[in-house]
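Encoded as structure tokens, the structure appears first; notes follow it.
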Amino acid sequence: MTISVAVSGASGYAGGEVLRLLAGHPNVEIGAITAHSNAGSRLGELQPHLHALADRVLVDTTVENLTGHDVVFLALPHGASAEIAAQLPDDTLVIDAGADHRLTDPAAWEKFYGSPHAGSWPYGLPELPGHRELLRGAKRIAVPGCYPTSSLLALTPGFAAGLLEPDDVVIVAASGTSGAGKAAKPHLLGSEVMGGMSPYGVGGGHRHTPEIEQGLSAAAGEQVSISFTPTLAPMARGILTTATAKVRPGVDAAALRNAWERAYGEESFVRVLPEGQWPATKMVVGSNYAALQLAFDPHAGRVIVSAVIDNLTKGTAGGAIQSMNIALGLPEGAGLTQQGVAP
Amino acid sequence: MTISVAVSGASGYAGGEVLRLLAGHPNVEIGAITAHSNAGSRLGELQPHLHALADRVLVDTTVENLTGHDVVFLALPHGASAEIAAQLPDDTLVIDAGADHRLTDPAAWEKFYGSPHAGSWPYGLPELPGHRELLRGAKRIAVPGCYPTSSLLALTPGFAAGLLEPDDVVIVAASGTSGAGKAAKPHLLGSEVMGGMSPYGVGGGHRHTPEIEQGLSAAAGEQVSISFTPTLAPMARGILTTATAKVRPGVDAAALRNAWERAYGEESFVRVLPEGQWPATKMVVGSNYAALQLAFDPHAGRVIVSAVIDNLTKGTAGGAIQSMNIALGLPEGAGLTQQGVAP
Amino acid sequence: MTISVAVSGASGYAGGEVLRLLAGHPNVEIGAITAHSNAGSRLGELQPHLHALADRVLVDTTVENLTGHDVVFLALPHGASAEIAAQLPDDTLVIDAGADHRLTDPAAWEKFYGSPHAGSWPYGLPELPGHRELLRGAKRIAVPGCYPTSSLLALTPGFAAGLLEPDDVVIVAASGTSGAGKAAKPHLLGSEVMGGMSPYGVGGGHRHTPEIEQGLSAAAGEQVSISFTPTLAPMARGILTTATAKVRPGVDAAALRNAWERAYGEESFVRVLPEGQWPATKMVVGSNYAALQLAFDPHAGRVIVSAVIDNLTKGTAGGAIQSMNIALGLPEGAGLTQQGVAP
Amino acid sequence: MTISVAVSGASGYAGGEVLRLLAGHPNVEIGAITAHSNAGSRLGELQPHLHALADRVLVDTTVENLTGHDVVFLALPHGASAEIAAQLPDDTLVIDAGADHRLTDPAAWEKFYGSPHAGSWPYGLPELPGHRELLRGAKRIAVPGCYPTSSLLALTPGFAAGLLEPDDVVIVAASGTSGAGKAAKPHLLGSEVMGGMSPYGVGGGHRHTPEIEQGLSAAAGEQVSISFTPTLAPMARGILTTATAKVRPGVDAAALRNAWERAYGEESFVRVLPEGQWPATKMVVGSNYAALQLAFDPHAGRVIVSAVIDNLTKGTAGGAIQSMNIALGLPEGAGLTQQGVAP
């Protein structure tokens, strides 16, 4: 079975990663590759690491150019993807790597994005309870944000099992700079970021906050509120998420470990590491894997969970292709790898 | 006024930073430079960045070699410094950059270090309430750990002002690799650490946990308990601390900001940045400065404080020399700089 | 067709990369995974990025454990591989990623390695003139060194076409730290290498010098002598080689470009980039690709060639698997990718 | 003695480094701090590492604002500095960190910069033969480029002593990204530069080529021609220069070493390291030091010299202040340090 796929936003980091993975997907034929200001350029100028596609020429991101494929990936600024998606055929599988269709609550969307809500689509994180089923045969899929992917994988098992208190969740995450995109800004220059770390969006303002709370609340069956602080780390790829929540009275280390291991025991892309081994982002660079470890701190009455993903792979393009595979009935791991590129 | 100074542990990162700063101190004459296995080597082989001292030869770390100086810096493994300090003259100013004399509670020491408690000395963090006075004329000074320095500077103002709840403090910090020392271990190889992040000592096991709780509890006047997670970042120097605590009912953003600005308004090495500007570790590389910013997150009912220091400078050697200056009645900033080396 | 493969030296960087690629090879079944001091450990402890093989246990590197496979990869210190290889069956394909069988001249071997010469095997760089043919059906293959791979790909076309003077070749290369191996040495600590560069083995002493001269001389049909200076760059992977040679009288830019493009026009893993685009090591991280660009500097009468490879992939494990595929009659690119992992 | 100093181009990397060093200069009072588009901003927003000057406000870069100081530093794009310098009083010491007044040959200037030649000023590299004398009492000083500083320090002793052939000089240098400036360009993003290396300006096109040839030719007393290839390394600061030239017949290792050691034996900021020790850029980060080592390769008939500097310090701002000190009769090292910030 060969499916034709179009990729928009191909000059950015998310679009580039989608193309990198699709180039190795056994069932995919890459059709239109589109961009906005870079239309007309050779892909080799913009994504020089994609040697097999170097001579492909980018075309404009238009409904015309995207129509006629089995699958369309949208790697566009929020707002743009909703507008284009609305004009694509209903029987085309549209996978939105942007934010437009992630939030179910219009009020939350409007508060954090300041624009009308485009509605919500099936959420492409198959390892969450019940989500894989929703993706089978889906024609519209919202790809989770990178921080929500790691945060939800980190804490969902505990909330789903009723082991955690819904308030006082604290999440501090460190992301590689590719998460900030390819637009040239002074504070993202190599000279500025190499050898240093800094926080941003502190105090609840980050747009991923409502997305994380939405997922945790769904698992908990009650409203979960979090304090989320993202930081920028001197690396191109990877997210290390440190998530901690208070455990309910009587919950012990064994119960916690059991809940996490049960949740992911059957998964091929999420693993709780053996006791004593802690995750490192380099375990998952370029791979679709998420590695977790947890510890119970009785002194603080908290569970601390560390989770690592590659923000561009499992956190964006890899997760998107995993969801595509499920939607189309392909092997879930087609075109994806479990192995990280290390050292 | 010229004082003679001996430096032990000169082949390590802490000892090297002490020497880097002392080489530029207007009142210091560097006497014995000692090491253990590296005794007999030229300093230029071990610390090739210290050009002015390159031809100095290291001698053994013995009481004999250290005696006869006005000041002795101990940059030794814990245990070793207490043993040597006990044999140095009472009228010599002994500054211990190691852990032996930081904790006041013998039980806490024995729980985390598993050895007999050597007693506690004046704690060399002059910006904490009342600490500067204790350092004036002191003959024994315990240099704080690097994580405690940034964590205590981050949260003390709020506890001293009674604005924060004593439980549910969460601290997640990212440190440069020099904090892990110069001993060659596989997981600290450049190939392993470049381009990645990882947590360590998760779940309350890190030895800096009781030291942070000791300082915060003293400021709060009641027992403060924390959840502390350190992470290793791909940079040689710097610590970014993200510290968050629940605020007491009725406390607002203005009250919080006011407490922090009052606490550090007169300080020359600690500054709350203007509103809207967030700290970055590269602001303080090679400098004795600590830069802070805070935000009130009403949604989570928490204050989030970001603090940055250079773990080797303000976090170790710079703080040690600042304390030395106070103890000896020298200008507090002698031999230190406020400026970071950036980009 | 499925072949059984054993990998020795599995705890090092070269062995780890061989396993990473073999795990995705459609025709390979991974048999014995061996190590020396790490025998008995789970692979997941030593190569935590190889999730699919995490629970495999390493066995001793013995002839017994390696015998009985179709292919045996040797990623061992020089000396060790020759000793083991001599005892493996003649009909087993033995691929030596070490140095023992690269040099044809016993005197050169003894001068640079100070031990008896083990003899030479077909040289696994199929893009060199006539080499692909030698690899077909071979039962013993010597994997080129990483510096020689990039240096020979950079300059061979000019020498093979008779356009370059055989003396005054100057090569300066920058390598990622993984090229220095996984043994913990102080100068390879992250704290030491991050943010800095340094040369090593300056003045002709590097063991790759005779290997590069051997290949260039074979292409030129006369003795070529080089000045080679390797440097250590603050990155885990990748080699950037800057190679320059004097051009023969009357040779112009067009003739040079034509020679290089002709040499690699049919190759799937080596490419001369379009004029004006220069290589960057991140184009090839994790890929088996080599990217080149050249410029004629009439002022200096020299051609300057820049070449990039991933030292662990095309420079070691990828090149080894490419040669294995050729030897066994498999598709040359099986298990390999052209795409780099970027950014 | 206190001198008033104005600094233009204060929002860039060169201007920031001038200010960092001037803030610690015992004889300097910092007057006007000027910028172009950033006039009106607090310095703390643009150079957040300069804590002591954080509240200073930048004014426009105009002759009016710069006039009335004893010394004016120009850290401006080429063209701009010549225009302003021409309008400043003759008795003001004007130090141009830009390129406008470096080249003595109008034809060379016009070929590489494509604009009219502004004339040449005393060249601020006091360690070159006879240059220190030219700087004493000078009122106009041209600060050398960063690549020329390291290249000239590397090779001048050999040419001045008549030991080297004037043709076939090959220089390959790796620079930190701060050398490329603070203007936001996509290829300089952290995501692009971290973890990789790339060449640029290959084939003689780099504007520093004529400047290096000018200096070497003056030392040699005949025309020296070079092949120069700069590369971009994943570090914020530092230059590692690998320079090689053919030695004249009969010249041996001792003669070479002797020439270099004699040339710098009296210098306080340039040192030939002890035999066997090779330079590393981290030896000199933030310092005004240049560290060198050389090796004679009889096989290639070449001397290879490695030189390291901090491109922003000895390579720009430090060298500029060293020259200022000489011009004004201050201690040559005032406000400068020999110590690097390492690790």
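Letters are used for the chains, namely A, B, C and D, taken in the order the chains are written, and counting of residues starts over at 1 for each.
Heads up, the rule we're going with is that contacts are C-beta pairs under 8 Å (C-beta built on N, C-alpha and C of every residue); 3 or more make two chains touch, one makes a residue touch a chain.
Going by UniProt, the chains are A, B, C, D = N-acetyl-gamma-glutamyl-phosphate reductase.
If you're wondering where the values come from, they're calculated on a predicted model, not measured in any experiment.
Shared contact partners of subunit B and subunit C are A, D. A comparison of the C-D and B-D interfaces places the larger number of contacting C-beta pairs at C-D.
Note: the chain lying farthest from subunit A is D, by mean C-alpha position.
Between subunit B and subunit D the centroid-to-centroid distance comes to 35 Å (mean Cα coordinates, whole Å).
Among the residues of subunit C, those in touch with two or more other chains are 13, 178, 182, 189, 191-192, 194-195, 234-237, 280, 282, 285, 343. Within the complex formed with subunit D, the subunit A residues making contact are 13, 176-178, 180, 182, 184-186, 188-195, 234-236. Residue ranges on subunit A touching subunit C, taken from their complex, read 13, 16, 20, 23-24, 42, 44-45, 47-52, 177-178, 182, 194-195, 236-237, 271, 273-274, 277, 280, 282-287, 289, 291, 337-343.
Those residues of subunit C that touch subunit D in the shared complex are 168, 170, 172, 174, 189, 191-192, 194-200, 202-204, 225-227, 229, 231, 233-238, 240, 242, 244, 246, 278-282, 285, 293, 295-300, 302, 304, 306, 308, 343.
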